[in-house]
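Chain nomenclature is as follows: A, B, C and D, assigned in order of appearance, with residue numbering initiated at 1 for each chain independently.
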């Protein structure tokens, strides 16, 4: 299993008046994690999209362990938790500079046609991506 | 079970280049749903917070069914899915003007002291809130 | 001169750890103000966009007088400060429930073709909008 | 005059359905630019804040030249445009990977006490910061 690492500097805009990172922002960080992982696999998400393919989220699950704060140096660890040729499940772990786990999560995606939102079977339509995902996915 | 309804007009800022509402924004809408529900129960979240109590999210789960779009008139339905005197689980259903379900979800919260982030047992410390939550929670 | 009024409930997500509304969010509120104004004039921004026309911001200026806070009931007042058949300048005043001015600002827009981003002369291409803007713009 | 450079990868969440970066996000990028500049001067904004000092925006002005897009590699250039011992004016230029100017802007700040929001005369209270700002500010 391959785990990508994305460094993130907490933005002031990402904090709320509780004095911590507002919880919805972790979903944005997950997205940055996916972009790094896809890039590490040799692809670029914005080039995929230029071909008319987008990968919306079907399901997302997040567990909040310890709030990230302004000034923290965050790392988002991202991996392919599951993949069946159609659906991709990413796993995430967000840690701070002391290697404390702030957040864990997972998200399920399918590739769809940008205009019709109809699903694309990756295995059939994009054998290169399929091979890459098969190679790095978590073995169970 | 009581279900609150929060009307939401999609903001341009909430869309992304997929032409739909960016998925993290539904978490913000859930928050607006909770605020309405709490207000319908006779409390005001910002007054609770002024007393030194905040209610961070422990866990969140979201299923994306149909994208909301700019121009849509959205309603967030919110209810107390579960409550045990300490933890509150809210349930959510986001529908559009055609009553199509865009998103469903749930989130688990505890009340904590604003400064120490130590949990507060609602049942013991805030009997009025406890009574209100007991009254409206989903019967199983 | 016509002034539209847009009521806004401050969202928790819009606050930052300074305990006030994060300054970039006022630009989002300005956008909501423009949408109300355009709607009051009898048009719908998302329908205009469906015709292939968008109205990006060219210039924006904001003065911050008094921070808006969570719990505040905000009103965004919006008017057409200037209009010459091509460029529209909107004026804004953001007030709280005590009618205290939080923020003032202005923004300059042109209509452009959605695909080419080439400017559209409203006076020539959309005489109905032109008439409406002429009617409500601030007389100097 | 010293100019700091902050590299920024456009986030999907920062785009809107116009297919470009939503305009309010440039204010967030300006904030990242200020953080880098302050860091380059030998200070850390979150440490300043821990001492009870925050630096809210009084005025901001932005000119939008060319939209930034997802996939772009952005650089925010930031400098001290003006400084008088109390007020700081930052200047900004946002360029893309082809060195095309996307956005220019400026913002005026004062340091205030975090709790009272009363202004702090930097020259008097923080001679070290004062010296640093004097050293790097634009000579006119």
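The rule is simple: contacts are C-beta pairs under 8 Å (C-beta built on N, C-alpha and C of every residue); 3 or more make two chains touch, one makes a residue touch a chain.
Model, not experiment: these values are computed from the prediction.
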item: Chain at maximum distance from subunit B, centres defined as averaged CA atoms; value: D
item: Computed distance of Cα centres, subunit D from subunit A, in Å; value: 29
item: Whole-Å gap between the CA centroids of subunit C and subunit D; value: 24
item: Whole-Å gap separating subunit A and subunit C, where each centre is the average of the chain's CA atoms; value: 34
item: Residue numbers of subunit A (touch at least two other chains); value: 12-13, 17-18, 20, 24, 28, 49, 70
item: Contact graph of the chains (line, ring, star, complete, other); value: complete
item: Footprint of subunit A on subunit D - complex, ascending; value: 9, 11-13, 28, 31-32, 35, 44-47, 49, 70-71
item: Contacting residues of subunit B [partner subunit A, same complex]; value: 17-18, 20, 23-25, 27-28, 49, 54, 56-64, 67, 114, 117
item: Residue ranges of subunit C touching subunit A (in the complex, touch as defined); value: 12-13, 15-20, 22, 24, 70
